[in-house]
Amino acid sequence: MTVTPAVEEEVVVAAKPKKGFTFPGDETNLGIIAGVIATIIVLIPGLPAVIKAVGMIFAFLWGMDSVRKTSKYGLGTGVPSIGVLATGYGIIGALVGAACAHVVGSIGPVAPGVLGGVVLMAIVGYLSGVFSNHEKIIGMKIPKLERGMMELGMAGTIGILLEFSIVAGSLDFGLVVEKAISSGLVAIMFILGGMSMFHPYNACLGPDERRERTMMVSVEISGLLSVILGIALLVMGSPWGIGDGISLIIFGALVWLVFYRRFIQACMKECYATVGTGLIKTLG
Amino acid sequence: MEPITALLVVVICVILGGEFASIGVHLIPVGGAPAAMGTATGIATGTIQLMLGAAVVGLFTASSVATFTNSILLVSLSGAVGAMMMMGVVMLMANIIYAFGAGVVPVSGRVAVDPITRESQTEYKTPQTDGHGVPNVSYISGMVGALIGGAGGALMYFALLNYANFPAGVAGIAAISIFVANAIIAAYNIGGTIEGFHDPKFKRIHKAIFSSFFVSLFCGVLVWLTANLGGLL
Amino acid sequence: MPIEVVLLFAWMLVIAFLAFIACTFEDLESDTGSQSNPNSQVQLAAQVGQVNRFFNKAISGEPLSNAMYSATAGTVAWVLLQKFEPLVPDAKWKVAILAIPLGVLAAAMVHVIFATTAHCGRTAAQKRFEQPIYLDVLYGHLLPIATHGFMTTFCITSIAYIQSNIGYLAFGLENHPLNHPFALPLLCFIWGITVGSIGSSTGDIHYGTEREFQDRPFGEGKRVVYHGKITRYADCGIRTQRDIVGFCAKFGGPCTGLTFGLIILFENYRTLVGMRLGGFLSALPAITRPEEMFILAGDLAAIWGIVVGLLIGIALTAGNMVLVKWLRKRYGPFVGV
């Protein structure tokens, strides 16, 4: 649909810019804004859970946007597949990130090691994009698939890292493994994290899909995820005390309520008609 | 185990597991959405969903078996047989629903004669469809594919559990993640649907094996890096 | 045979029974709100001019959606178990009776939320095909969806609970090595994926091939030209998703349930029979620590399990060959036009 700016965006990403918000809301800019905010939050693992949840919402929003722009062209296996790929990469990347943080240690409150996982996963994501899109290999012929898969790897990794750090309270490798993964909580992180990336576009699929509407679903699911993680946090315990879990639950519920209402209202307003009941239009 | 030996063993096991996942995806008969309407041969669901379901049943048994045996072969085979059984029951019951719920005979749309049983196919096929049901050749192909795919998942689980010293939960979710990545890339290679080894699309398998090799290689190195940096080795 | 071993077999049968119920309701749930592969036709219907009153519940494929409900239920149940198990240290099962239904209730709420977003989102994206949102369709289906999903998720969570505590339930020992190494939410996730995978690969056929195109000729695959032209009229009035459940509950649902029940039965059966043949079961009552599990009888148990599994696999293949041969003879070549 937007064919002309494609080349421009490709160049911008290759140069990895840090600013340039000329067209807010545009795919590239959203990626940059969300990516930068989420990265800053993930770098400081000692923050309260609510702030990490904000970062998580941004990370998954970014992932959702990447899913949307890659699966717009038809993948042949349904929208969810690429979201699951992102989550799978996210789990591996988050493990690597936590392990890197374990070695690098922290400078003040900042743990720069986690970036190792994000960068490595970006490389793996880019490579799988190249393999899938290159004419001589799989040849899916989807414009900008390389970039999309790279962003998915990064967004998935940051999102899962933030989830780990919410539940474990820090990004210490031992704590992450014990509290977030061996306890089994990783299951809900995997599936709901994935859902907030691939469910929105899958649920809003159709010729009259609108990007803003799709984004509301992603934020809404992240809110639900926050509620469930908050419930888990009540048991896991956090350095900030019991208020951490309760505030996360309240925050998640508020986010969910606001965006769910807005989404349903937007759908009912923008659809062909919202009728209480009625018969179907028969073919003349 | 020394970190370098562990690197070799983990990477080799993950690559093998990824390749097995990739090959397994190419062998199972998946019809995707058209198969749910009896318009295409195969099972009426997506490639990844079916392969993941089968591999996960295998993984469940493999993880049970890994608590009482130390042999990598036995654990992988247990996973393989679990996946095969899941696929076998699913395909048989799918045929029963096709036969008694919709009244169709399982028939292949890609070949005129079944390469294994030598039964002719064309005259049983509904016009304007691409076959329907799970014919014998696809059934056998699917059993073999699930066997290979399940072995891949279980192999990765065992390697992560015992060579990278991950706790059971971490090994399980990491194995699922790597498996899924490979299965999805293989699914992109076949465009979502395939009938089995007799399908012309099967000839593209080398492309998936090539991609899967590198993706698994990187995942294997990353897993080893995690274990090494995290102090598990 | 010691009572513990008998208990192991008994729990296995309970698990198989729960699996049967779980997958039956899983398939019916995907018919209550049109989901997974046949939903492509509901999606296509408006596009080819067939405005309909179906519930377009596109929650990204059944395996993932069921994994989500089950993982949600498992997580909430796990949290409650962790919180309240210390209160009743000598009768932990009492907590499970409270925790599992509450967890599943949370999952049912999540399910309803996802169902509304999917239906409204997909319908709003079909504006140009003049497909309205019928509020009675939207509200009227939410409760059946939630209740069918509740049954599935409840059974799956119970299976996961039993499996992650099987050593405790059979031997009465805390942290028995026979307990499954995966935690409760992860087991829920795994079985959620499997139940959805089976529900979408077997049960959907009855809905997609037969019920969605019931005014087309029986006994043939549905031709490409029919795609999107689904049956929109019920026995009386206009068809909604609720007319479909009743039909599929008579054949597709139970068949799907049987599939998952058989898989669980065979899987557990071959492991237990392998343990019995390998002599592991008789050694089991003496084992209390995980390291003691690695004995020769364990290897033998694994080998026997594989052999039994392969035999079942061969039997299934032979069964399919007989079925296909019989069908070809009875049904004959295609005779329509």
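Letters are used for the chains, namely A, B and C, taken in the order the chains are written, and counting of residues starts over at 1 for each.
Please note the rule applied: a contact is a pair of C-beta atoms (placed from the backbone, for glycine too) under 8 Å apart; a residue touches a chain by one contact, two chains touch by 3 or more.
None of the values given here were measured: they were computed from a predicted structure.
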Chain of greatest Cα-centre distance to chain C | A
In terms of C-beta pairs in contact, which of A-C and B-C ranks higher?
-> B-C
Measuring from the mean C-alpha position of chain A to the mean C-alpha position of chain C, what distance in angstrom results?
-> 28
Averaged-CA centre spacing for the pair chain C and chain B, given as whole angstrom | 19
For chain C, residue numbers touching 2 or more other chains are 61, 64, 182-183, 186-187
Mark out which residues of chain A touch at least two other chains, giving numbers and ranges.
-> 78, 84, 182-184, 186-187, 190
Residues of chain B touching 2+ other chains?
-> 32, 46, 168-169, 173
Of all residues in chain A, those that touch chain C in their complex = 78-80, 83-84, 182-188, 190-192, 194-195, 198-200, 202-210, 213-214, 217, 220, 224, 228, 231-232, 234-235, 260, 263-264, 266-268, 270-281, 283
Would you pull the chain B residues touching chain A in the complex into a rising list?
-> 32, 46-48, 166-170, 173-174, 176-178, 180-181, 184-185, 187-189, 191-192, 207-208, 210-211, 214-215, 218-219, 222-223, 225-231
Touching chain B in the complex, chain C uses residues 36-38, 40-41, 61-64, 177-178, 180-183, 186-187, 190-191, 193-194, 196-198, 200-210, 212-213, 218-227, 251-252, 255-256, 258-259, 262-263, 266-267, 270-271, 280, 290, 293-295, 298-299, 301-303, 305-306, 309-310, 312-313, 316-317, 319-321, 323-324, 327-328, 331, 333-334, 336-337
Given the complex with chain C, which residues does chain B contribute to the contact?
-> 32-33, 35-39, 43-46, 49-50, 52-54, 56-57, 59-61, 63-71, 74-75, 77-78, 81-82, 84-86, 88-106, 117, 119, 123-129, 131-132, 134-136, 139-140, 143, 168-169, 172-173
Residues of chain C defined as touching chain A within the complex | 43, 49-53, 58-61, 64, 67-68, 71-72, 74-76, 78-79, 82-83, 106, 110, 113-114, 116-118, 120-136, 182-189, 232, 238
